[in-house]
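Each of the two complexes below includes subunit A, the first together with subunit B, the second together with subunit C.
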Partner chain A sequence: MNELQATSDSEEPTRAGSLPARFLLDGIVRPLRRFPLALFPTFMLGVFFVVPFCIMVVISFWHRIESKTYEPGFEFTHYERFFSPLFTSHLWVSVQFSVLASIFCLLVAVPFTYFISRFRRRPQVFSLVFILCVLSLSEVIIAYSLSVALGRPAGITNVLVWVGLMEQPQSLFPGYFATLFGLSYFNIPFAVLVLYPACTRLDRELTEAAQTLGATPVRSFFSIVLPLLEHTILAAFILLFVFTMGAYVTPTWLGRPEDTMMAQLITDQALQRGNFPFAAALAFFFMTVTLVLSLTTVWLRRGDQVGRA
Partner chain B sequence: MIVRLAKGAFLTIFFGMFTVPLVIVAGISLNEKKYMFFPPQGLSLRWYPEVFEKSSWFDALTNSVVVALCAGAIAVAIALPTAYFLWRHGVIYAKALFAIGLVPFALPPVITALGMLIFWSSFGYVGRIENIILGHGVFLVTLPLVMISLGLESIDDELLEAARTMGADSRRIFTSVVLPMILPYMIAGYAFVLVLSMNEYIIAFFLGQHATITLPVKVLASLRSGYTPVIASVSVMFILLDIVVFGLIARFGDLPKLLGAWTPKE
Partner chain C sequence: MNGLELHDITKRFGAVTAVTDINLTIPQGRFISFLGPSGCGKTTLLRLIAGLEVPTTGNILLDGEDMTPRPTHQRNIGMVFQSLALFPHLSVGENITYALKIRGMDRGARRRKADELLDLVRLPGVADRNIRQLSGGQRQRVAIARALALEPKLFLLDEPLSALDAKLREEMQVELRMLQERLGITTIIVTHDQREAMTMSDEVVVMSTARIQQVGPPLEIYRNPATAFVAEFIGTSNLVAARQAGGTRVEIAGTMFDTAGLPDGLKPDDAVVVSIRPEDVHVFPESSQGPNRLPGQVTFVRDVGASVETFVDCDGLQIVAMATPKDRPDVRKGDRVRVELPAESCIVVKA
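Moving on to the complex of A and B:
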């Protein structure tokens, strides 16, 4: 049976004319006949994910009439608006926040993940539960509790006054650093989960060997652990960058108007101004950037696995 | 020695940094009067029942719970056949379907939210709870998909071979061998969707259109309109729910393995 298939496969390229038909039959109909249950995920993901995306992309070229109304057309008006200072300044703010927040986040998350991956099982599970709880906290709750922690009546400045480092308690939010801190803080648990599998796979014998040869733990961390995690850290950086680019609640709550990020801009255009075509164009641009970055991550990870094998 | 100390200090600061805001929120929820003081002035638990008594909060709570329960079911129902299809048949079609399932989570949620809003608006069918349920179910499908795949990969080929030689057909193998082995992964996937859906803001905000309001949307709205300790008490309940759910997963499942830790095969 297998042999039969193999010969028919090798003959196939000569019948190039029937290629689409063959693709339809071999690629879709036969697998579905063998496993009809796949129709359900195909339907759900197709109708509620792929189709909305396609509609969104199409609408980004349509003509806007007024709030929430638009008519079919093909124009680049909405894409041309990307070059306006309003858009470029917010894009720059988003990129700046995302790069800085991802770096801060990794500075904390990499050593932490490395440490907990060396814990014994019980404390390790405890730490993971802790991280998961923080991770699954709503962005709303985190932004709110940070605004309390950075605010005047109940915030950390009161501690500074009490210690004597400051004269009067003051509010640190809303502001640039509050937003940056919020964005870094929010993504740390996520970064830990992304780094965790790679950290558990690190061979303990390597660092032990280095230390037997006289390297300090710090030295072995920098000269052995970090280089081994290079790809993973880069992949994590890109993921964090993508995540931060999409932040909405944190910059809304902790930032000033000039700290407005992309997701807020899209939300504002879509919901407050009812400009669906422009919002769609922004989203499409945004999506292309993030997809390219995410694919780079997948590619980097593949390199990682080859290196390990 | 210094390294040890530095490591200890680092870990303490880390755990502290993520505990302090939670302590603050818990403290505020105990205020006696309708102010948000920390440390709380006068102790009272009166803001906790208010979530259940005041209809606007209770509606938001019910919406969130209904959305989370249904979205979890939808996500697992999509993820299970997709993961099984890839594992069992491995054809290009299955790979493509799996890849599409990975995309939603890799994109900023605002894009999914906008796409779905435009989609539903073109039918004039917006602001319903069904919109949010489907939105979350599809957006969060990535988590059960990845977890169920991990579960399927952990099944030993010899077990399947044994079942096959004993004369079991593929349906029988699925119900008596595969399903019991991947059940913990399915439950964990469901729990992850549940918790993340309960806390998701932007998709719920776009699709709810002020007509169907979930708890995070309600919290941010009331933060904007004026502080009340109810916000803090809701947050505390959320945190407790998270601790219970993940504690249970850790108790009954292999959490490190679920999160991708590598365990050497014996």
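Moving on to the complex of A and C:
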């Protein structure tokens, strides 16, 4: 009773209070008081994420001195550099790769996941375990394997020569399509894992009902399954987009210099050129984009239609 | 022939036999129930007719034409699923006219048809609503309207009323039957509720362990069960082990009983089961005399007002007698009595 009283008392001033104060109280102080265990993750998040993040933001405004050093300051020069052709062209490359790779990945993953979710239990588990195995491979191994598969000495072009479709084996990498292929391939297990729960929640009777009403299996997939998975597919797309935006190994290994993506640019600025303020500004911008997109995912998930009704 | 014919249908899933040796003819315009306990194969049989499963052996004919090789979407059937399977991303009207849209009917005509179908199921004016805004009974009606949109030759329902509460379910049973009579459409409903089957159907197909046990009009099945399973599953029955004793007589616990008749192909001394409905059993004082009577002791009297059940132990044989209050036997727990199993009510089935 006393506690109830206390809660309702403390609520009054917050309503009247300013927005940041309300955020602090409702978002941090009140939950912590109620769930003391949450202190631990909050502490970890603070030490290992919030503090480094703040340092990075501060550095992004510092002054760069040629010869690989920098000194405290407050200037927007690094943010202004975003509008330089070098930056915009690589941002464009990154966005292009991320959008296309996510789309190609979903074109494979959506039908694939839907069909395994319609299997009986045992083949379903087998397929998922297989997918998880692929997930456990590191990006380095995948990129290296693909470079072998796309290369000249032992690559798939040898098969094409053997079949008679090609005159001489040739190397398909480094190149735009090799990079795109690598990025799409790498993301498929993630896409399957995101899509799988929604697919299993889809009631089989829905597609069966569509078929009793005269829809072919293909038509029922497009008119019933896809609309019901719409939000999940969009959420998966954003996740894949964010993942691909951060890709480093695949474009480094399989891409040409003109296929350089954002993460490579940041690494290059920080490690090769020692331009930490610019790298920090890039990273900050990059994180903001990622955060906005992730929040959009959460928001879209709320409108998920599957499993309700 | 007009109607549905099933010839030698068997369906196996791996090592499991879901239905076997199904031979059934359903004339055009009839209302049929597939009745049985869960796992008896009744839903599988309905799905085979719908084309959602492919039979391992056998043929399905509709109006004399073999439907077996046809996929579901070419069969022209309307089906109401157990989960109703309404499309959650479409409005009520769009759900109902889904089939018409596939057939290429234009928007205005679809709209008129949706209103017409909603009137038919007595749910006018909800075409623009979301499925989630409807109650269970209303969704039921929408599912029925959707299944009837193409004016199908066959109307199949898979336990469609099981999600409704008892009162609404009974209302819907009567309504569904009246709708079917009005449209004259051949209808098959799958149910495990014998009351539901008897309320609605022209004929009941009783199934158990993947086979058809008996086919017949509801009262025929109630009065003349073909097997001990049917006798027990349809209503309640006293099942008494007996032995064939020549003519129409059987021997129960050393006493000779006259019966309504014996099934064919019995040899003398074969084991049989006598089935008798509780409401046909009479309880008399021990001193009374007459044929077809067994002595026993009352073990329990259940008087629930509308009916009185007397439980009698006849030397290890449990017999239940049911009477209306005005025919209530004047007995108490522990009394010695004689129960009469009237010859015309003793149905003999093979053991």
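Quick notes on this one:
To be clear about the criterion, the second predicted complex is superposed on the first by the 266 of 309 C-alpha atoms of A that agree within 3 Å, B and C clash if a C-alpha of one lies under 4 Å from a C-alpha of the other, contacts with A are read in each partner's own complex, and residues count from 1 in each chain.
Methods note: a contact is a pair of C-beta atoms (placed from the backbone, for glycine too) under 8 Å apart; a residue touches a chain by one contact, two chains touch by 3 or more.
Since the structure is predicted, the reported quantities are computational estimates derived from the model, not experimental observations.
Once the two complexes are laid over each other on the shared chain, residue contacts for A:Ala38 go to subunit B alone; subunit C is not touched. By the touch criterion stated above, A:Ile224 is placed in contact with subunit C alone, subunit B being left untouched. In the superposed model, A:Ala280 lies in contact with subunit B only, and not with subunit C. In the superposition on chain A, A:Thr216 makes contact with both subunit B and subunit C. Within the superposed three-chain model, A:Ser138 lies in touch with subunit B and out of touch with subunit C [touch as defined at top].
Taking subunit B and subunit C in turn and counting the residues of subunit A each one touches, the greater count comes from B. In the superposition on chain A, the residues of subunit A touched by subunit B in one structure and by subunit C in the other are 216-217.
Those residues of subunit B lying in contact with subunit A across their complex are 3, 7, 10-11, 14-15, 17-18, 20-22, 24-25, 28, 36-39, 74, 77-79, 81-82, 84-85, 88-89, 91-94, 97, 100-101, 103-104, 106-112, 114-119, 121-122, 134-135, 137-138, 141, 192, 195-196, 198-202, 205-206, 216, 219-220, 223, 231, 235, 238-239, 242-243, 246-247, 250, 255-256, 259-262.
Interface residues of subunit C facing subunit A in the complex, by the touch rule stated above, are 50-52, 71-79, 81-83, 85-89, 98-99, 102-103, 131-132, 146-147, 149-150, 156. On subunit A, the positions that touch subunit C within their shared complex are 203, 205-206, 208-217, 219, 223-224, 227-228, 230, 305, 308-309.
Contacts from subunit A toward subunit B in the complex involve residues 27-28, 31-32, 34-35, 37-38, 40-42, 44-45, 48-53, 55-56, 59, 68, 108, 111-112, 115, 117, 121, 124-125, 128-130, 132-134, 136-142, 144-146, 148-149, 153-154, 185, 188-189, 193, 196-197, 200-201, 216-218, 239, 242-243, 245-246, 248-249, 252-253, 262-263, 266-267, 270-271, 276, 279-280, 283, 286-287, 290-291, 294.
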